[in-house]
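For reference, the structure discussed in these notes is given below.
In this document, chain identifiers A, B, C, D and E correspond to the written order of the chains, with residue numbering beginning at 1 in each.
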Amino acid sequence: MLIEILQQTINGLAIGGVYVLIALGLTTVFGILGIAHFAHGSISMFGGYLTYFLATSQGLPVLAAIPVALAAGILLGVLVEVLAYRPVRNANHINAFIVALGLTMMVEGINLQLFGHEQVVIPTGLSRVFRFGGITVPELRLYVIVAAIVLVVAMMIFVERTKTGQAIRAVAENRDAAILMGVNVRTIPLIVFGMSTALGVAAGIMVGALFAIAPGIGEGLVVKGFAVLILGGLGSFPGAILGGTVLGITESIAAGFISSAYKDVIAFVVMILVLLIRPQGLLGRAP
Amino acid sequence: MSKHKFTRACAALALTLVAGSSLAAEKKLTVGVADALTGGGAVYGLPQANAVKMAAEEINAAGGIKVGADTYKIDVIAYDDKANPTEATNAVRKLIDRDGVKYILGFCCSGSTSAVASFIGNEKAVMLVGNAAERSITTKKIPNLVRTRPPADYTGQAAGTFIARKGQKRIAVLGALDVGFYAQYVDSVEREIKKAGGEIIAREVFSLKDRDMTPQLTKIRGLNPDAILVVGYVEPAAFVYRQAVELGMNIPRYGFTSGSEEQFLRVTTSEQMEGVWDLRPTELTLLSASKNGIAYHANYTKKYNASPSPSSPYAYDQLYALKAAIEAAGTVDNTDAVAKALRNLAVPPQVVMQYQPVDGKMFDVNGQAYTSNGAFQWQKGKWVFVEDLPSDSKAYSQFLSTLN
Amino acid sequence: MTEPILRVDSLAKSFGGVRAVRDLSFTVSAGEILGLIGPNGSGKSTTVNVLSGVFPPTAGSILLGGEAIEGLPEAQRVGRGLSRTFQTARVFPEFTVRQHVAMGCHAIRQVNPFASILPFGAWRGEQAGIDGQVDEILRLCALHPVADRPVASLSSGQQRFLMIATALAARPKILLVDEPAAGLVEHERQDLAELIRGIRQRGIAVVIIEHHMALIMALCDRIVVLNFGAKIAEGSPAEIRANRAVIDAYLGEAA
Amino acid sequence: MLAVRDLRVSYGGIEVVHGVSLDVAAGECVALIGANGAGKSSTLKAICGLVPASGGAITFEGRDITRASGHAIVRAGITMCPEGRQVFPQMSVIQNLRMGAYTRNDSEQEADLSRMMDMFPILRERQSQAAGKLSGGEQEMLAIARALMARPRICLFDEPSLGLAPKIVASVFETLARIKAMGMTILLVEQNSMMALNLADRAYLFEAGQIVMEGAAGALKNHPDVMRAYLGH
Amino acid sequence: MNRILVLLPWLLALALLAVLPQVLSVKYYLHLSILALIWVIVAQGQNLIQGFTGYVSIVQAGFMGIGAYGSTLMGLNFQWPLWATMVMAPLITALFALATGYPSLRVKGHYFAIVTLAFNLIIVIVLVNYSELTKGEAGISNIPKPWGGNREAFYYLALALAVSLTGLAALIARSRVGEILLAIRQNEDLVAALGIAAWKYKLFAFVISAMYAGLGGALYAHFQGFINPEIFGVAQSLDAILAVILGGSGTIAGPAIGAFLVVFLPEILRFADSFRLILYGLILVLATIFMPIGIVGIAKAAFARLTRREAGHGG
């Protein structure tokens, strides 16, 4: 029983790490621009697809393909901000949401057109499995978890310790005051979208290596990402980290001990319960 | 009658004959395809649509369909139904109402197929279902509907017998059990295993978009089963095989996934797959295929620059069956007669799949065709045909007739 | 001045570990204007929010006309006769001024609003009565010249008067006004003082939070001073002006 | 130093500033007084680029900054201490102050930081607290210190006394007087006309989006119309 | 005079819709028109919560599903007549909406949107997995159709319901309840401070909107004769939002126009083949950026400009 619980916790950590990265991307965009960036999942998958394409058809080593895909993903994220979100910046937040839905369809369509409808798996060649007593951990999972932690720490350092990071926080907290500090509020959204998309693409690559990329996977991820945000508190970085880990493990435990058919239902019910007890989320600020 | 009038009548008759015969040479029969051409179902739908188009070209090149004195060249219109019930209804309504099409082929996916099947009985049209495996499509005895692919539980019965014979008693199932026909397959397996004194100790579920099966597998590992049975679409199922190995489960693995080597090797290594059984209809697999199958594979690959999906000949065979039925009925307009002729059809020589006729007919009274089932095993990077599964199409046909 | 309209007894409110209001007691009588002053962060706005029901109190009781209301939701307190305005202008920008004030009548309407969906019946008759009432309030608040203009087109000063007018439409027994003079200039402040006196004349008690000392001193019958969430003084304007603790904590020597 | 000529500002098609012209010389302290909604704050916001000017010209040290964006104006040397303090509530006091020096790349930022904390000892005491937890008066001090961290050539103050207790108002104006004494050029918008006129060298009186009077602060203070309408005498 | 001018487009549209089945030679378009009329009902419901109250709900298709399954299963299991089950469908949906509305409406903005989306996902998962009752993903076929499946008759039924429910939406919008909903959209805190129990009205809007969806779903089931969970997924809820936005949020004509667009647009875009999804998304993005007030909003603005110009000529 104990072994099973431990194994399930480890099972949940990998997907939890992916949730954290997706949610961090969503939460930065939301915190700074107030946009529910629904297309984030599809754009993340675009990055994953691209890595696959470069690593297979173009014969690049995976480690070389990743930076190229990251760069392309960042470019796409920035384009999306400039071309689609910026025009609706000052409109009702519903409009930005609808734009996000439209973008999701477009990016999904582009992914299908460019990469087809067959699922793809990014080849890593990492198939060793570590065993600790009764617990098994595939090396790929371990690397994914470690990479997720490294990325999260790197982002925290960037936001807390660099001038640009502080400017991003300042814009999130008070846009007008940030202008008065001399922050260029037209470039900040670009940086934010770039950073958020980079995290998303990293998550997309992890999904592509650990699992697979296929039509519709991105949309499923972004819904979970939003569930994480609600669980942890919209706009809160620590909330996204805690929420993502909690959701990943909850799903794993729910599937293993309650019902695999209803594991998503259980995950959403947990989210709704948290919301009822703490409407601002686990680590959100009180209104 | 005056002479004048008589000459005029003769001239008119001659003109009619001439016109008629000249028309006969140019007659066209439009058939429709409703199938998933985009979206998730396109993996199955698109090759089916391609297969119908290829069959049409072959038939046209060989002289078309002959009905009495007339020869019909086939024209294919294909609409996308996105594997969505509403879209499928719209597509078929458009084919019938607007394009005046009477023969509709394709249908890869169960939901959209069931939606169309629910109203096709009231239409002057004939519907030929391909890859969609949901059993209830042919339990309603719709007179103008036939299906080339057998229901999943027909195969499940054979698979159950096979597993029981291997001697494992406690079987854990992991599959897309939220999908009707997969659940039916498992029910059939369970019935056969129980007969041999075994049992199914777990029925865990994954959904189409799940890729992480470790929670379910960890639970199953804790139950210590003798064997595991994996049923579901190949995309998620491949992960079950890989992750079971990663979790250190060294028990026999049976499956019903119909995935190709290429599809599995995207996800797993060949070593991870070694020894896995796939218990399924004998579809287009080169080693088991007939001469027709090899030719089909070659022609399709040449024409579309991609391998045909294993289930795509279900659609290819539809058009040859339709051609034979129309020629037997001697009409393209009377769909009732064509539907009746389909039910009385012997297996046409050009078909790819290895059908097991019931009472000498390709389609039974329910409009259902049966192919043979086979046990395939992954050996050194390839699916190897090991043996035919004991399948009794006649008995199953009788069972199917009792359902509604 | 007999039985007070509002009796606040040992009221306390904490957020997490922060005690925003502690052991606060005071009363307000009909026709009285009570000033609530104190430095920023001394708990004035929290008090208003707890009285009006935005937050539940951590401890203590609130009696309105002798009835305990501390457990009631915000909306029901308005129905019992306690209305409020906000520090910053909160309005419905798309409504006309008249529609806006009429919204304030909902709390005391006798006819169920859902009945008004039916294409016939009760609410047309009632609407006439409301129109009269709204007109009266608009005149009182000097908003009748702009009655049919959209709210968004009003100046911020006018929007502050509109907030008071809308609160009055619920026929309160007691009205809490939170910094009504912020951002007003002298002549507007005088109009405001005039309006608040007019409200008192109708027998409505007023609790006013304000930093503008001239206004507070001129207007209030009694003043309660808060510091760090607790009451440090209470009395007439003259008493408060001379109170050492108040001068140290709030007024400073200049005043 | 700063020259505004015929400035016009509109919000959603409605013009609120109708051709305002004013000047601020180096080292001077100029106050804009007048009724709420008279266009004082809008003028200030237009100068520092928070709202676009719909007409007219703004020049700073001979450079046209009418169309410049907010951050470029800050870099040029204009800083505003905004109405309602507008600190970054989740960031610590020290992070707020560092944000004030966002445009600077020099090496004296840390020295300035400690100078500011000498000037406002309460900020040193609270340096690692979240700014949102500070009292209103402390936030005002933080906002002023943050503005000074940019080493501006001119500092704009928008309603520094708004919503503050009388005692705090007095200390805010004391602080402004100290800043003025340091030689800083100041443009001040203030409701509290009396205190503003006591502090300023010169003043402009706004009414309905236009300047209706200008002159030395002392002269304005004794003008009967001003006294009646704005000083409450 | 003015009143007639306002009513005129409505009467014209109604007359056109009334004769439509007689003039359509290709019955396929009749089929699509019936679907569009069903979507008018669904979109009018969506507009009540989204357009008037300002809460973006992403569960409208889920509620359609509850209505569709409710009506179908009552007929199947209790042998109730079709008309009775169709009347019951919105009532059952209302019960579900009460239960889900209570937790959802405690939160606002994006939270509300995501929570309702989660409810839509939950509804689909339960419909798929509770196959003893719902027959799962395979769906239920041979659902009884009124008048033996006569499409023309069904068209007039759908038309009558769409028109009367649009009328009901207009009545709600003009009532005091409607006024309160508009007030909630503008400033919910103030609504509560005015003594109005906002939650009552939000819940009312949510439940009525769900009842519209429930009826729409029941109509769908008895028109198509087949339902499965997939039909009631999030993608269809997004279509409902789309219909409201494209047509004109917070207007009465908007959702009706939007509903026809949502049904006919995929048809029009069929030529784009596999690029359809991209094009569909592009239209959505461009429409939101360049006509955020919807078609009705644009038409109103154009009309206002026209009359102003004419009035200018007159003066």
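We adopt the following convention: a contact is a pair of C-beta atoms (placed from the backbone, for glycine too) under 8 Å apart; a residue touches a chain by one contact, two chains touch by 3 or more.
Treat the numbers as computed from the prediction; the structure is a model and nothing was measured.
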{"item": "Partner chains shared by subunit B and subunit D (touch criterion as defined above)", "value": "A"}
{"item": "Common touching chains of subunit C and subunit A", "value": "D, E"}
{"item": "Number of steps on the shortest touching-chain route linking subunit C and subunit E", "value": "1"}
{"item": "Far-end chain from subunit C, centres as C-alpha averages", "value": "B"}
{"item": "A-B or A-E - the one linked by more C-beta pairs in contact", "value": "A-E"}
{"item": "Inter-chain centre distance, subunit A versus subunit D - centres from mean C-alpha coordinates, in Å", "value": "42"}
{"item": "Chain centre separation in whole Å, for subunit E relative to subunit B (CA means)", "value": "37"}
{"item": "Inter-centroid spacing, subunit D versus subunit C (mean Cα positions, whole Å)", "value": "32"}
{"item": "Multi-chain contact residues (two or more partners), subunit B", "value": "38, 178, 205"}
{"item": "All touching chain pairs, where touch follows the definition stated at the start", "value": "A-B, A-D, A-E, B-E, C-D, C-E"}
{"item": "List of subunit E residues in touch with subunit A within their complex", "value": "50, 54, 56, 103, 106-107, 109-111, 113-115, 117-119, 121-122, 125-126, 129, 238, 241-242, 245, 249, 274-285, 288-289, 292"}
{"item": "Touching residues (chain side subunit E, partner subunit C) in the complex", "value": "168, 171-172, 175-180, 182-183, 186-187, 189-198, 201, 204"}
{"item": "Complex contacts: residues of subunit E adjacent to subunit B", "value": "26-28, 31-32, 35, 128-129, 131, 135-139, 141-143, 149, 224-228, 230-231, 266-267, 270, 273-274, 276-277"}
{"item": "Subunit A-touching residues of subunit B, taken from the complex the two chains share", "value": "38-40, 42-43, 177-178, 204-207, 209, 211-212, 214-216, 218-219, 222, 235, 239, 245-248, 263, 266-267, 269, 272"}
{"item": "Contact footprint of subunit D on subunit C as seen in their complex", "value": "37-41, 153, 155-157, 179, 182-188, 211, 213-214, 249-252, 254-255"}
